[in-house]
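For reference, the structures are reproduced in the following blocks.
Both complexes below contain chain A, partnered by chain B and then by chain C.
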Partner chain A sequence: MILRPHLEDIKNIGYYLGKVIIGLSLAMFLPVILGLALKEKGPSLDFLISLQISVIFGLLLTKLCFTEKDLNWMQGMIVVSLAWLAAMFLGAIPLYLSGHWKSYLDACFDAMSGFSTTGLVLAQDLDHLSFAHNFWRHLIMFMGGQGIVIIALSFFVKGFSGAFTMYVGEARDEKIMPNVISTARFIWLVSIVYLILGTLALGAVGILNGMRPLNAFFHGICVFMAAFDTGGFTPQSQNILYYHSLAYEAVTAVIMILGAINFKLHYHIWMGNRREIIRNIETAALFITIMITFFITAVGLQQLGIYPGAMLLFRKGFYQLISGHTGTGYQTLYPAQFVTDWGNLPMVGVILAMALGGAVCSTTGAIKMLRVGIIFKALIQDIKRIILPERAMVVQKFHHIKTLFLEDKVARSALLITLAYLVLYGLGAIVGMLFGNSFLYSLFESTSAAANVGLSCGITNAAMPAALKVTYIIQMWAGRLEFMSVFTLLGFLVAAIKGK
Partner chain B sequence: MRYKSQVTSHKSQVQFKSKKLKIFCFYIVLFTFAFLLLPYFCYAQTISSSELINNTRQYDGKIVVYEGEVIGDVMARGRQAWLNVHDGNNAIGIWIDKDLTADILYTGSYKSRGDWVEISGIFQRACAQHGGDLDIHAQTIRKISPGRIVQEKLNPGKLRLALILLGILCLILILTLLRRK
Partner chain C sequence: MKARAALNIILGIAVEVLYALCVMALAFAISLALTAVFKK
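Coming up: the complex of A and B.
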């Protein structure tokens, strides 16, 4: 029997959702300040309006649903899934007010693309967008990469036991520190340290490349936020092609890889445990899958002979591949070139890379390396069970920070999430095909959206049907949250309708 | 003697005529070749970025004419420079002699509209010199129309909305304070 949710459940959800929204809206102060500092009055006003709407909405929720009760597991999950939708609707307001998005749906698409660190873009005339709006586009990627709720946890909430639920709901199931709040703060510490170093590096490269200092450092901070959080937005419409620079590509590639590594691994490296890089199942899986997918891509490009020389093939092929594998979506190609120049086999290589993703507890999306490693180990275990005598005890171990025994429930969980991702990629591809796109291109775009990558072969544009935009928004949302909180929300809605 | 001179004059006339005919034939052949082959090497009409990006193989290595707004930074690299020129659909990188960029005064950004320029140069599908990038190596550049500073105006409707929202926000805060008391 399904039980209908109580008013108390709704009040609890509303109260904590309101808190998260207030936390999120305060982030809008940053573009307001930047806009005023750079004498961009119009954009500052856009953010002021959005800030006020968000604060009013958040305050009303906290006042109307005031409660002193803690969140239970289900409520925490629902708060997370709703918080991401609220973030999309509220974060899209300043974008829409700028006039650079054709409709509010387009602005919502880009806001979800930003928060989920995807990087697909529907903005118009991006090259004339204000500093304030551009900063906001990249800031939402930075916040989304760390986790919107984690921001609220680490800065605006003093601490409550339901925190872990919300932490898990945002697709983070590993605690680095003894409690979730300290873990969230550590994630912020890592990100801020890299932010400073990355911005300085990119700013310096920008100046050496001939950019004006203000632009060089502005691009530096924006590109860092999008690269480290494996997002993929850039301040200019040409993406990384704008910079025409090998150094810029090299620095962004390093940042993308850093973003794709587990924060727990960052912690151990910072603590001096460098051997963990080699021993960890995730880094091993990441290295092997990069090699395999790059081999497929490189063979495809070699067959087509589109690049005169191995170095050019490596530079173009490896950059798009690593960008896809880490879930960033930075491109040094025009989207149409995937279709006109790259052809089928290289695209298959990139699709595989996008579908696999980076490490768990990182800012990437997709299936993720820990699950890939576990599934591989489970496969080895099953083969051993078949080969070895029936009475033999088959024990499989894997190393992830510490050496662990592979249990059936761990393998089952990894397989279930992998299956859910494969279904999501497939469903998006079917919807793409319903609108007249070919299978491969639809699968490319669908995988890019669901795995929160952002590479595009040209299907994503402002003229695409609204239903396809909504499909990709759902894919980005579900893919970023790794299904659990989305399924809980759906279950809650079913219970609200059918429950007794 | 007279006969000899007449023969010589006739001979020179024939030679002159045959030379003229040869020149004429040369020009005919030249024009025929030019007419047939030039379209394979250069395109005199302005070509859009979409046309170039969607047909990279067709235009690869050929002289194209491309026009658009200069956006972002003019990035000097030694004696050369990179421009990014946006034609309304896409921006394409232009590799150009730095001296030729001296006339560019405005580049497109939030606060300005960039100079609108016409570029003639060699289109590269995967430029060997620049890491396989799609670009144009400019030979000439011509400013078609100058850019300008964009005057920012505050939207009165947005201003009113901001004030109304501020009022609502204050009301909520006052009510909250009163309720607490």
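Coming up: the complex of A and C.
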């Protein structure tokens, strides 16, 4: 029998959702300040209007649903899934007010693409977007990478015991420090340290390439935020191709790889356990899968003979590949070139890379390296069970910060999430085909959306059908949250309708 | 203690960047090898 949710459940969810919304709304002060500093009055007003709407909405929820009770698991998960939807709807308001998005749905698409660190874009005339709006696009990517609920918790809301459920709900099941708030703050420490270093490096490269210092550092901070958080937005419509610079590509490639590393691994390496980078199952799996998928891509490109020199092959082939594998979505190709120049095998290589993703507890999406490693180890374990005598005790270990025994429930969980991702990739591809796109291109775009990558072969554009836009929004949302909180929300809705 | 912690962070960053560079170096080696093979 399904039990109908109590009013108390709804009040608890509403109260904490309101708190998260207020916390997120305050982030809109940053583009307001930037806009005023750069004398962009209109854009600043857009953000002030959006800020007011968001704060009023958040305050209403906290007043109407006031409670002093902590969240339970179900409520925490639902708060997370609703908070991401609320962030999309509210974060899209200033984008829509700018006039650079054809409809509010398009603005919502880009807001979800930003928060989920995907990087697919529907903006019009991006090259003439204000600094404040451009900064907001990249800031939401940075916040989404850290986990928007966790940001609200760690900076704007006092700690409470339900914090861990929300942390898990945002697909971060690894606790780095004893409590969630200090874990969130360590994640911020890593991000801020790399933000400073990355912005300086990209700013310096920009100046050497002839950009004005203000522009170079503005581009530097925006590109860093989207690269480290494996997002993929850039201030210009031509993406990384705009810079025409090997140095810019090299620095962003390094940042993308750093962004694909587990924050728990960052912690242990920064605490002095440097050997972990070689021993860890995730970094080993990432290294191997990058090489395998790049080999497939490079062989395909060589068969076509479009990049005759090794350097050109590396710059074009590896850059798109690593961008896809880390879930960033930076491109040094026009989207149509995937179709016209690359052909089937290179696209299959990139699809595989996108589907696999980076490390767990990083800012990447997709299946992720820990699960790939665990499934591979489980496969070896099963082969051993077949080969060895029946009485033999088969024990499989893997190293992730410490040496762990592979338990069946761990392998089962990894397989289930992997299966859910594969189904999501497939369903999106079917919807793409329903609108007349070919299987390979539909699968490419669907995998890119669901794995929060952002590479596009041209299907994603403002003229695509609204149903396809909504499909990709759902894929980005479910893919970023790794399903559990989304399934909990669906279960809650079913219980509200059918429960007794 | 603080100097030690700062040194650990700097070395940690260096190790992570080195990992990224190794990935890129091996990928470039694959590019070189494949270019040589397909030229023949």
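The definition used in the following text is that the second predicted complex is superposed on the first by the 500 of 500 C-alpha atoms of A that agree within 3 Å, B and C clash if a C-alpha of one lies under 4 Å from a C-alpha of the other, contacts with A are read in each partner's own complex, and residues count from 1 in each chain.
Note that contacts are C-beta pairs under 8 Å (C-beta built on N, C-alpha and C of every residue); 3 or more make two chains touch, one makes a residue touch a chain.
What you see is a predicted model; the values in this text were computed from it and never measured.
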Exercise for the section: Name the contact category of A:Met291: first (chain B only), second (chain C only), both, or neither. Expected result: second
Exercise for the section: Scan A:Leu3 for contacts with chain B and chain C and give back first, second, both or neither. Expected result: neither
Exercise for the section: Have a look at where A:Ile386 lands relative to chain B and chain C in the superposition and call it first, second, both or neither. Expected result: neither
Exercise for the section: Considering only touches as defined above, state whether A:Leu129 meets chain B (first), chain C (second), both or neither. Expected result: first
Problem - First, second, both or neither for A:Lys41, with chain B first and chain C second - result: first
Handout entry: Partner chain(s) touched by A:Gly309 [first = chain B, second = chain C, both, neither]
Key = both
Handout entry: Comparing the two partners chain B and chain C, which touches a greater set of residues in chain A
Key = B
Practice task
Answer with first, second, both or neither: which of chain B and chain C does A:Val395 touch in the superposed model?
Solution key: neither
Exercise for the section: In the overlay, answer first, second, both or neither for which of chain B and chain C A:Gln236 touches. Expected result: first
Exercise for the section: Go through chain A and flag every residue that touches chain B in one model and chain C in the other. Expected result: 308-309, 313
Completion exercise
chain A contacts chain C in the complex at 193-194, 197, 250, 253-254, 257-258, 261, 266, 269-272, 274, 277, 283, 286-287, 290-291, 294-295, 298-299, 302-303, 305, 308-311, 313-314, 317-318, 321-322
Fill in the blank from the handout: In their shared complex, chain B is touched by residues of chain A numbered 40-43, 45-46, 48-49, 52-53, 55-56, 59-60, 63, 97, 127-131, 209-212, 215, 236-238, 241-244, 246, 249, 306-309, 312-313, 315-316, 332-334, 336-337, 340-341
Exercise for the section: Please name which positions on chain B make contact with chain A in the complex. Expected result: 53-57, 71-77, 81-82, 84, 86, 90-91, 93, 95, 108-110, 113, 125-126, 128, 130-135, 152-155, 158-159, 161-162, 165-166, 168-169, 172-173, 176
Problem - chain C to chain A touching residues, read off their complex - result: 8-9, 11-13, 15-17, 19-24, 26-28, 30-32, 34-38
